[in-house]
Amino acid sequence: MSSNSIKDGEFVLLYLKPRKTWLIKVKAGEKVHTHAGFIEHNSIIGKEYGSSIESSTGRAFRLLKPTIADFLMKFSRPTQVVYPKDLGIIAAWTGLSSGKIVIESGTGSGALTAFMANLVRPDGHVYTYEIREEFVDVAKKNLQKAGLLDYVTITKKDAKEGIDVDDADIAIIDVGDPWTLVEPFKKALKGSGMLAAISPTMNQAEKLTAELLEKGFVDVLSLELISRDLEARVGMTRPSMRMIGHTAYLTFARKGL
Amino acid sequence: MSSNSIKDGEFVLLYLKPRKTWLIKVKAGEKVHTHAGFIEHNSIIGKEYGSSIESSTGRAFRLLKPTIADFLMKFSRPTQVVYPKDLGIIAAWTGLSSGKIVIESGTGSGALTAFMANLVRPDGHVYTYEIREEFVDVAKKNLQKAGLLDYVTITKKDAKEGIDVDDADIAIIDVGDPWTLVEPFKKALKGSGMLAAISPTMNQAEKLTAELLEKGFVDVLSLELISRDLEARVGMTRPSMRMIGHTAYLTFARKGL
Amino acid sequence: MSSNSIKDGEFVLLYLKPRKTWLIKVKAGEKVHTHAGFIEHNSIIGKEYGSSIESSTGRAFRLLKPTIADFLMKFSRPTQVVYPKDLGIIAAWTGLSSGKIVIESGTGSGALTAFMANLVRPDGHVYTYEIREEFVDVAKKNLQKAGLLDYVTITKKDAKEGIDVDDADIAIIDVGDPWTLVEPFKKALKGSGMLAAISPTMNQAEKLTAELLEKGFVDVLSLELISRDLEARVGMTRPSMRMIGHTAYLTFARKGL
Amino acid sequence: MSSNSIKDGEFVLLYLKPRKTWLIKVKAGEKVHTHAGFIEHNSIIGKEYGSSIESSTGRAFRLLKPTIADFLMKFSRPTQVVYPKDLGIIAAWTGLSSGKIVIESGTGSGALTAFMANLVRPDGHVYTYEIREEFVDVAKKNLQKAGLLDYVTITKKDAKEGIDVDDADIAIIDVGDPWTLVEPFKKALKGSGMLAAISPTMNQAEKLTAELLEKGFVDVLSLELISRDLEARVGMTRPSMRMIGHTAYLTFARKGL
């Protein structure tokens, strides 16, 4: 079997058309049902990633290898999604990469956690704190599914009360009252360590910024990314008529001593 | 000396205020001159990252540990910069992470190359192609400086003529005629491999999209990210009055077989 | 009866909540039915604009005096709506105001026509050209309803073949092939007269711009307006999560001799 | 002389290239000096609007008839400019048109005042209130120059203390503490009358919105318009790289009784 052929037990993204996809774990003998017919898992095993397969009703599905973004989009999600645009700039700005030690609160569904774990692999680690029991469980299952649980420690705890990590490289705040975590996360960060926070409202960004400056963080800045789809079609190219208007403000800062 | 103290030979970002920073390589006996006075390197060695130092004129400079984004912003740059927002979403969308094999053309100043090399470390590799001799040299120096040259192979070659990599996970196109690289890069990609292209104009995105669909790529989409700074100040919060209006359209696709 | 009280035969906007409004012409003896109960027209007559009335099910409706924008939003609309943001900047940029002579093609549902007629009143006039019979009829009814038909002449004709107006102050192009109207509209405009065109795609704006420069127009520029709702709520203010991503590019130019 | 030829005493916009324009009042015997040479007014008189003239150094200047927007851009301006995009949507949303009675505070340099006066001509009127003596004088001169002073009454008064107009159709607030004018402007407005306010910060929009709802205004909404220039060039079309990031939030509401 070629190295790029689909094996029993692997995850496959069935792609019918944009935004019509199914993420399955291949298991010999099973079937996946969609509104466009069913597909036997046995018929998928051994096929090449990138090839097509016909469903019972004759519709062509593309067999894709899921990326981390595909996993995140399919996570069980009791909370708000974090969008690729926001994940990406957090990674680019904070320097998330293999070997980094990251602290995070809250964990939520674990999407941001998984994205970061995938980047700090194989030598780094994400320590994430979540106060709500049910989210801890959901996040664990999601991280397990994405194969990233080895790079993550989830602790059920209110991070405001202080955390047990020292010398973290990067701190991520994704809670409703982000300013309450500035002090405990400052303690846990290395000097010059990067902090990033996700705030849906301007008021959160405003209050957080004041607290960061008060606590001696430097290079404090906030921004938002607006993502616009372009419909690129020969002779008829234009931005899409519908778009997401706002996800969150992102605030970045570095720990001063 | 603490593990977070500055050592001879390390890079330090001297931060005076937003957008007023200097990236230096510490070397005992040297001096750095700025419009706000000079600083002796000897006085920096042994200080903690995150602490401050006074220049000869009494101005306080913060001693920061440069992130990959700081390095990119200070690269010698004969070409257009690629912005963190665009770098980030390329990473998030294509699944750039440790272990991935990436092909890229053109190299330009090596900024995108360096960003990707930093993410595929320690097990992946970036194979990048550049036709202009002078860019090859600049990129090599930049990657050397950022300590990332081990993870990159720069080849002086027109990638249109075909490249020698097989089974790449990710292909990046950053040239003026992106459609010309669709065929050679398709050959070099694994089935289901991700392609991302950077196009300043709508016409490039349009022509590229047509070629991607023609050549059997799937899940083809284009977007642009608009970054807006938020001036978060208590009781006076608002978006900045000036902003970058446009950098580039990003086109993403996956290789179908 | 006060001068601001509602009279038989007037138009009233029944406002239940944002985006839930009904535009009615008050007629003694009639009833208006909504999903939130019915209201007798007789109970509206004599009430003040700005006051409230209860429906049969006890829901409060506000009685508002419709503005021109309210009329446009309620026009029979076989074609795409033109948004207030785009209407507004066309007025501001071209100098639309009382006394101006305007030429337009196509008429469509007459929304832009009505907006302009309302601004050139009482001394100006809008000459509008439409090739599709059914649109001519819809536009006439809409303009009649808005009380603006006296300021408009609708002609069923392909404006490409030339029009009968001389010395127009302002020309408006809202057709799929805007470049075809540059020459006939140039003839109909005064020297230094303003032209504005509405183009959904960038290809239209591109081709139109080339033609305008070719035909000697000056001060040629294109732009688009992006409208973002702000949800202003104490302590929780943020942009809306959904928005219209794109309506049209607007191109402006002045006739050179 | 043709009806479209330039006469002594008229205003002419000399157009060299985008953003390089001079607004002059033609006066026989005078000269206008620019960095691209001088032009004798005598040589302009009798020329057609839309035609060109050569300066002393052989550069071609286009002779354009200034629109209201051209006048506003050339106003003496001790305060912040109000942009065409914002002027336009205020007009479109509030129904500004011939015959309307408008109240405004503050007057500032009179730019918004002039724009509105030009739209309510010949039967409407703008009553504008300004507390700073020096702005009253500047605004008067600007309105005089634009030929619109007959349609405006400028009063030096703090509008918070109440104003003398009844039954206004439209109220415009352009001050730093917009919430303080809600009550006096409500008194001066007709039932169902429209209010529009211009707020640079989100905190102003937030506090104003709370006050409008508290005082019984309905259909209260806020938005901002983002204007993006499109560089439309054959085969190289893209949004401009620089843009204005933010001007102001606009809040609209209607008076409930």
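The first chain written gets the first letter, and so on, giving A, B, C and D; residue counts start at 1 in each chain.
In this text, a contact is a pair of C-beta atoms (placed from the backbone, for glycine too) under 8 Å apart; a residue touches a chain by one contact, two chains touch by 3 or more.
Fair warning: this is a prediction, and the values are worked out from it, not measured in the lab.
S.K.: Same residues or different residues where subunit A meets subunit C? The copies count as same if more than half of the interface numbers are shared.
M.R.: Mostly same residues: over half of the interface numbers shared.
S.K.: So which one's got more C-beta contacts, B-D or C-D?
M.R.: C-D
S.K.: So how far apart, in whole Å, are subunit A and subunit D when each is placed at the average of its C-alpha atoms?
M.R.: Roughly 47 Å separates the two chain centres.
S.K.: So, what's the distance in Å between the C-alpha centres of subunit D and subunit B?
M.R.: It comes to 44 Å between the two C-alpha centres.
S.K.: Would you kindly tell me how far, in whole Å, the mean C-alpha position of subunit D lies from that of subunit C?
M.R.: Subunit C and subunit D have C-alpha centres separated by 21 Å.
S.K.: Where in subunit A do residues touch at least two different other chains?
M.R.: 202-203, 228-229, 237
S.K.: Spell out the part of subunit B that touches subunit D in their complex, as residue ranges.
M.R.: Per the touch definition, subunit B meets subunit D at residues 200-203, 228-229, 235-247.
S.K.: Using the touch definition up top, name the residues of subunit A that touch subunit B in the complex.
M.R.: Counting only subunit A, the residues touching subunit B are 3-4, 15, 18, 48-52, 62-65, 67-69, 84-85, 87-95, 97-99, 115, 118-119, 121-123, 167, 190-194, 202-203, 205-210, 218-219, 221-234, 237, 249, 251, 254-257.
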